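Labels for the chains are A, B, C and D, by order of writing; each one numbers its residues from 1.
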Amino acid sequence: MLKIGIFGATGYTGAELVRILVRHSRIKISYLSSNQHVGKRFSDVFPAYSNILDIPCSEITTNVDIDVAFTALPHQEAYKVVKPLLDAGIKVIDLSADFRLKDYERYRSWYGEHPYFSLTEQAVYGLPELFRNQIKETKLVANPGCYPTSAILALYPLLKESVINNETIFIDSKSGVTGAGRGLSLKTHFCEVYGGFKAYNVTKHRHQPEIEEVLSSSGKNVTVLFTPHLLPIKRGILTTTYSKMKELVSEEDIFNIYRAYYGDEKFVRLFKDELPTIESVVGSNYCDIGFKIDIRTKTLVTISVIDNLTKGASGQAVQNMNIMCGFPEEEALFLPPIFP
Amino acid sequence: MLKIGIFGATGYTGAELVRILVRHSRIKISYLSSNQHVGKRFSDVFPAYSNILDIPCSEITTNVDIDVAFTALPHQEAYKVVKPLLDAGIKVIDLSADFRLKDYERYRSWYGEHPYFSLTEQAVYGLPELFRNQIKETKLVANPGCYPTSAILALYPLLKESVINNETIFIDSKSGVTGAGRGLSLKTHFCEVYGGFKAYNVTKHRHQPEIEEVLSSSGKNVTVLFTPHLLPIKRGILTTTYSKMKELVSEEDIFNIYRAYYGDEKFVRLFKDELPTIESVVGSNYCDIGFKIDIRTKTLVTISVIDNLTKGASGQAVQNMNIMCGFPEEEALFLPPIFP
Amino acid sequence: MLKIGIFGATGYTGAELVRILVRHSRIKISYLSSNQHVGKRFSDVFPAYSNILDIPCSEITTNVDIDVAFTALPHQEAYKVVKPLLDAGIKVIDLSADFRLKDYERYRSWYGEHPYFSLTEQAVYGLPELFRNQIKETKLVANPGCYPTSAILALYPLLKESVINNETIFIDSKSGVTGAGRGLSLKTHFCEVYGGFKAYNVTKHRHQPEIEEVLSSSGKNVTVLFTPHLLPIKRGILTTTYSKMKELVSEEDIFNIYRAYYGDEKFVRLFKDELPTIESVVGSNYCDIGFKIDIRTKTLVTISVIDNLTKGASGQAVQNMNIMCGFPEEEALFLPPIFP
Amino acid sequence: MLKIGIFGATGYTGAELVRILVRHSRIKISYLSSNQHVGKRFSDVFPAYSNILDIPCSEITTNVDIDVAFTALPHQEAYKVVKPLLDAGIKVIDLSADFRLKDYERYRSWYGEHPYFSLTEQAVYGLPELFRNQIKETKLVANPGCYPTSAILALYPLLKESVINNETIFIDSKSGVTGAGRGLSLKTHFCEVYGGFKAYNVTKHRHQPEIEEVLSSSGKNVTVLFTPHLLPIKRGILTTTYSKMKELVSEEDIFNIYRAYYGDEKFVRLFKDELPTIESVVGSNYCDIGFKIDIRTKTLVTISVIDNLTKGASGQAVQNMNIMCGFPEEEALFLPPIFP
C-alpha cells in the first residue's frame, strides 16, 4: 500500500480526491494538510465524509512519510511545496497551474514570478489520452485545468489531422460553480448565482494560454478565443467550440478520426448522432465528445462535457497517479455518473 | 379602455401577458382562449393569479368583441386565427413565427405550408428599437422570437455601421426552460434538467433563418451559425456572439455606436466595462448589452441578456401594442428586475 | 411627494424596498445609507437597478431631510438610528427585531442590551391584518420577522376563536436563502446549498419568542416549538403548523373563520381545497393560507406561504408606510407573482 | 456469479439499481425489462450509462434465467410478476408497496384489490437495521418506501425504549423530485418546480399506514400524522419528527439509545451536536440521524436524512439482496456521498 498525502485537502478538489481515493485498493491516505482546519478531522470539515475519512488535518509540511503527493493548493503556493517533495523523492501530481506552461514569459504574465520554473522541464502535462507515455516516466505531473481538459480533448485530434484551421478557434465554455472553489465571494453567494447565468473574464482567462500551448503541441501554432461562463449548478463543464474546416469532410470521417484517437480510451466516450450533456457525466471521470458540421458556414462545432472536479481535476489526478505507479488506470475510477 | 383578447392564454407567454396587462391602465382583458382549459377560471389554471385575474377561459373563436388580440398559439395554428381577426378589423400582435419571415420558401422549409402567407406583406417585425415607425402604422405585428431579440439587438448596429464582417457570425445562446413552454416532455422533466446543461438543435434551429433575415435588412447579406443551449433555470437568455471585426476600433467607439442606436431607448441598457448577466433582467423588459474586443484575434464578443418571457415575448408584445395604439411605450412595462 | 430614506439600502431587504418604492406615486427615495458602499451608486452595487435608481449611497447619518425612514439594519444597530430619527419627528419603519418584543428580559436574553427599550412602548407590531388601527396612529412600526408573518397570520384567528389548543403548537418552517442576507458565509455559499436542504437553530431560533408574544396577544398564553429549515431557493417561506383542535369542527367552519378575519384583506388569499405553494407568491406581497383537518389525530394542519423579502419584510414595510401616511394601502404593492 | 433481473429497469429506481449493481463483484445483470423501451439498449435510454451497461431492454416476462429479481414496477403491477417469480424459485426484492402492509383491509383501502395478498405472510419488510435476521431467511423482501425508511429508523428505537409517546407523532418530510418517478406530469415539469416548494397529499399519503404498521411492531400502537413536501432538488429526503417525551431525559441518554441500536451499523451515522443534512448523503446509502430536545415543550425533535433513490430504494434493495444471498452487506454499497 502506497502512502498518499493531499496538500490542500479541504478545498473542493481535495474533497473530491478523498471521495475517489477511499475506494482505491492499493493506497492509503496518510496525510492531509489544511491550513484553515489544522487539528480538525476531515469529517468535521466535511460531515459528508463521516465514518469514511476521520483522520485529522495537519499544517503544511513536506517532512512527511508519503510516497505520492497530490498538491491541491493555489498557484504560487503549490511550487513552494512541490520543490521539496520532489527533492525528497516523492512523486507529485500538482493540480495547480504552476507547472503547466512551458514558456516562462507566458507563465509570468498570467501568474507572476516562479523561482522553480526550471522544474517544468521534467513536468508532464497530465492528459493521459494524449501524453500517457510521458506520464509513465515522470515524477511530476502538471494536472490539466478543467476548461483545458474539455477543450483540448475535443480539438487536439482535429488539429493534428489538419481537419480544422488553427487560427481563431472560438471556445465557449460553461462551468458549474465548484470550479470557483470553496473560498467565499459575492460571486458565489447562493442568492447571486441561483437562477442566473453570466460570462466572466472574457478575453482574459488564464486557461487561454494553457489551451493554446497544449494544442500547439499538435504541430500547429494555434490561436483560440476562450469565453468562460458560470452555470448555476455545482458540477460540470460543457464546452462548445467553433472552428473553420480546411475542407468539408463527412461526419463519418470526423467520427473515425475521434475513434482512432480515443476508441480504446476508458474515460472518453464518443457520441455520433446525439450530443453529450453535463447531466450524463456528473460524478464520473468521463469526457463525452460529440460534434456537428455546419455545411453552410463550413464550421465544425464540437460539444464536450466533463465533471470539472473529476475528469477536470481530481479524477484525472488519480488517473495520472495510477499511470505513474503502474496501477490499472481505471482503479478507483469506475464511477458511474449520478443520473438522475 | 380598449378590450384585449389573448389566444392561447394558458401557456407561459399567455400567463406572462396577463402578469403585465393587469397593470395596464388603458386596457381591459376581456377574452382568454384555452383549448385545454375551457370553462376553468384563469386563476384555477394558475393559482398564482388568484384574486388577480379570475375570468374564465373560452374556446378559440374569432367572433369576439375585442380591439386588440395577442395570439400566443403554436406556429401553423396562429395564422388560422390571425386572418379572421384582421378581417374583423382587430389589431393583432402574433407571438408565433407565422409572420416573421418574408421569404415563403424559407418559411415553408422550416415550418410548412402557409395559406395566408400574403399577409406577411403587411406584417411588421416587432422589434421597436429598430422598426418603431413601421409598427406605429401596422395592424399586424410579428412579435420576434426570444433568441432573435437578444441576438439582433446586439448585432444589428454593428452590421449597419460596418464594424463587423457579415460572413459567419457565431451566435452561442443559452436559454432558460420556460422557452420550451408548458407542454410536457422528458426534456423538460425536472429531474432531467436540474443540475444539468445541454446544447440542442445544433446547426438546425428555426431561429437561425429569422436572425439572418432580420440582420440582412441592415443591407448586408448576413450568415450566422446559431447554437442554442438549455440552462437549468426558468427565465432568461444570455447570447454570446463572436464576429470578426473589419478593422480594429476602440471599445469606446463601439460603445458610441451602441449609444447612437439605443441611447434613448427605455428598454435597452448599455454596459461599458462590466458585462450584463441574466439575473439582472429576470422579470423585466430590459435587454442589457455589453461587449469586449479581443485584439489578438480581431474579434468582437457581445453579450446580451433578456428575460425570454418578457422582452423575449410578452413584454415586447405589450410594447408593440402600446406603440400601435398610441399609448406611452412604457405603460405597464416599468418592471424592475427581481433581484435577488 | 414624501421624502424617503433607506438605512442599510444595499442588503437584500434594502434592495427589495427599492424594487417596490420606485413604483410608488407619492414618495421619492432621497437618501440611501450603506456603510460598505459609500459613494457608489445604488446601481453600481446592484446592476439590476441600472437606469432605475442611480443615486449614490451615503454614510449613515440621521441628519437627513426625510419624512419617512426604513431602517433595514442589523438588530442592535437599528436602535441607534431609530432614536434620533424619532426625535427629529421622522416616521420610522424598523425592519430589525429591536422593537418587536414587549418584554425586556426576553429581548435581552435573545438579542442583548437595549438602551432605548422604552421606545417599544410606542412601537406597533406591523402586521396590518391584525393591528391596522394602531399602525395608523404610530410613528414607529416594528416590522414583523419573515417567519412570524407566515406563522402568525395562519394561527392567530384559530387561537382567538379558540379552535386550537394554545399549548405546544408545532411550527415547521422552510425558507429560501435570501432570508440569511447578503453577508458571506459558508452556509450560504452556492455549492454548499444547491441540491441540499437542512434544519438549523432547532429549538433556539430568535423568531420563536416573537411568534409566542404576538400570538399570546390573542388572549391565550401560547407556547410554540419552532423549527426553521433552509430551502435551496432564493425567495419564499412555507410554514406548516400542527395544532391539536379543542373539538372537531368542519373544514367549512375553519374556512369561515379565516374569511371573517381576512375576507376583505388585499394581501391575504385563502385556499379552500387546494394548498398554497411558494411558487405562487414569489415577487408578490401575498400571504396565501390553506389548511387540512386530520380527523384521526384531531389535528389542524395549516400551510401558509409568503415571499420572505416582500410580505415577509419590505413589502409589508411599504404596506405599513402606506397606512401610517394615509396612502391607499395597495399603492406600489400590486405585484403579481412571477409565475413561472 | 448470480444472474440478476431488473423489472422496470428504465424508471429512476431501475437506473439507480444499475448504478449500484454494475460495481457488484458477485452478480451479473442479465435481464432488464422495460415495456416502454423494448429493444432499446439501456444506454440509449440513459446515455449516462453508455459503455457501462449496453444490454437491451426486453418485454416483461417471468420466464427468465435469473437467480434474483428486483421488481421496480408500480404497485398493483408488481404482484403480477412477483408471484410467478417466487413460484420459479427466484428470490425477489420488490420495490413496490405490494407486500409491505400486513393488514389486507388497510392495503385494499389505500391501493386496491390484491389477489396474491397471502404472499405477504412470507414477505419480510426490508429494513436491515431492524429486521436483518428475518431478511436472511426469506425469499421475498418488501423493500421499504423512501419516506418510511427515514421516519422509521429515527423513531423505532425511541418507541421501543418507551422514550416517546405513541400517540400523534408528527412527521414532516421533505423529498426531492426523483421520488415522483420519471413519468411526465405538470407537477414535475421543470418550470413548475424550480424555485418553488409545496406540500402535497396532506393527511392522506400512502406512506402513513406503512409507517404506522412498522412502528407499531415495536409493541406500541402508534399513530402518526404524516405531511410530505416536494423539495426543488433531485435527490434526498429530510424528515423532521415531533414527539412528546414520556419524561425528560438528557440528549446523552437519547444518543446512547441510538448507539445501542445503530452503533455497529454501516449505513446509519449518528450525529450528536450537529444535525444531518441532505447534501451529506446524496449518492450514498447512508441514513444520518440527529435530534434535539425542547425542554419547554418536552418534545423530542429528530432529523433524519437519506438519498431517496439509494437508502430509500435501490441501495437498500441491494443491501437486502446482499443479506439474502450471504454476500458481505456492504458489497457495492460503499458509495461516498457526492459533496460538493
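We take it that a contact is a pair of C-beta atoms (placed from the backbone, for glycine too) under 8 Å apart; a residue touches a chain by one contact, two chains touch by 3 or more.
Keep in mind the model is a prediction, meaning the values are calculated, not measured.
Q: For the pairs A-D and A-C, output the one whose chains share more C-beta pairs in contact.
A: Of A-D and A-C, it is A-D that has more C-beta pairs in contact.
Q: Give, as an integer number of Å, the spacing between the C-alpha centres of chain B and chain A.
A: So the centroids are 39 Å from each other.
Q: CA centre of chain A versus CA centre of chain C: separation in Å?
A: Result: the chain centres lie 46 Å from each other.
Q: Return the distance between the CA-based centres of chain A and chain D, expressed in whole Å.
A: The answer is 36 Å.
Q: Could you list the positions in chain D whose residues touch two or more of the other chains?
A: Only 12, 178, 182, 191, 193-195, 232-235, 277, 279, 282, 340 qualify.
Q: Testing understanding: with touching defined as stated, what is the shape of the graph linking the protein chains, line, ring, star, complete or other?
A: complete
Q: What does chain A use to touch chain B in their complex?
A: 167-168, 170, 172, 174, 191-193, 195-200, 202-203, 223, 225, 227, 229, 231-236, 238, 240, 242, 244, 275, 277-280, 282, 292-294, 296-297, 299, 301, 303, 340
Q: If we count contacts the way the header does, which residues on chain A are in touch with chain D in the complex?
A: 12, 15, 18-19, 22-23, 46-52, 178, 182, 194-195, 234-235, 269, 271, 274, 276-277, 279-284, 288, 309, 334, 336-340
Q: Going by the contact rule at the top, pick out the chain B residues touching chain D in the complex.
A: Interface residues on chain B, with respect to chain D: 12, 177-178, 182, 184-186, 188-191, 193-195, 232-234.
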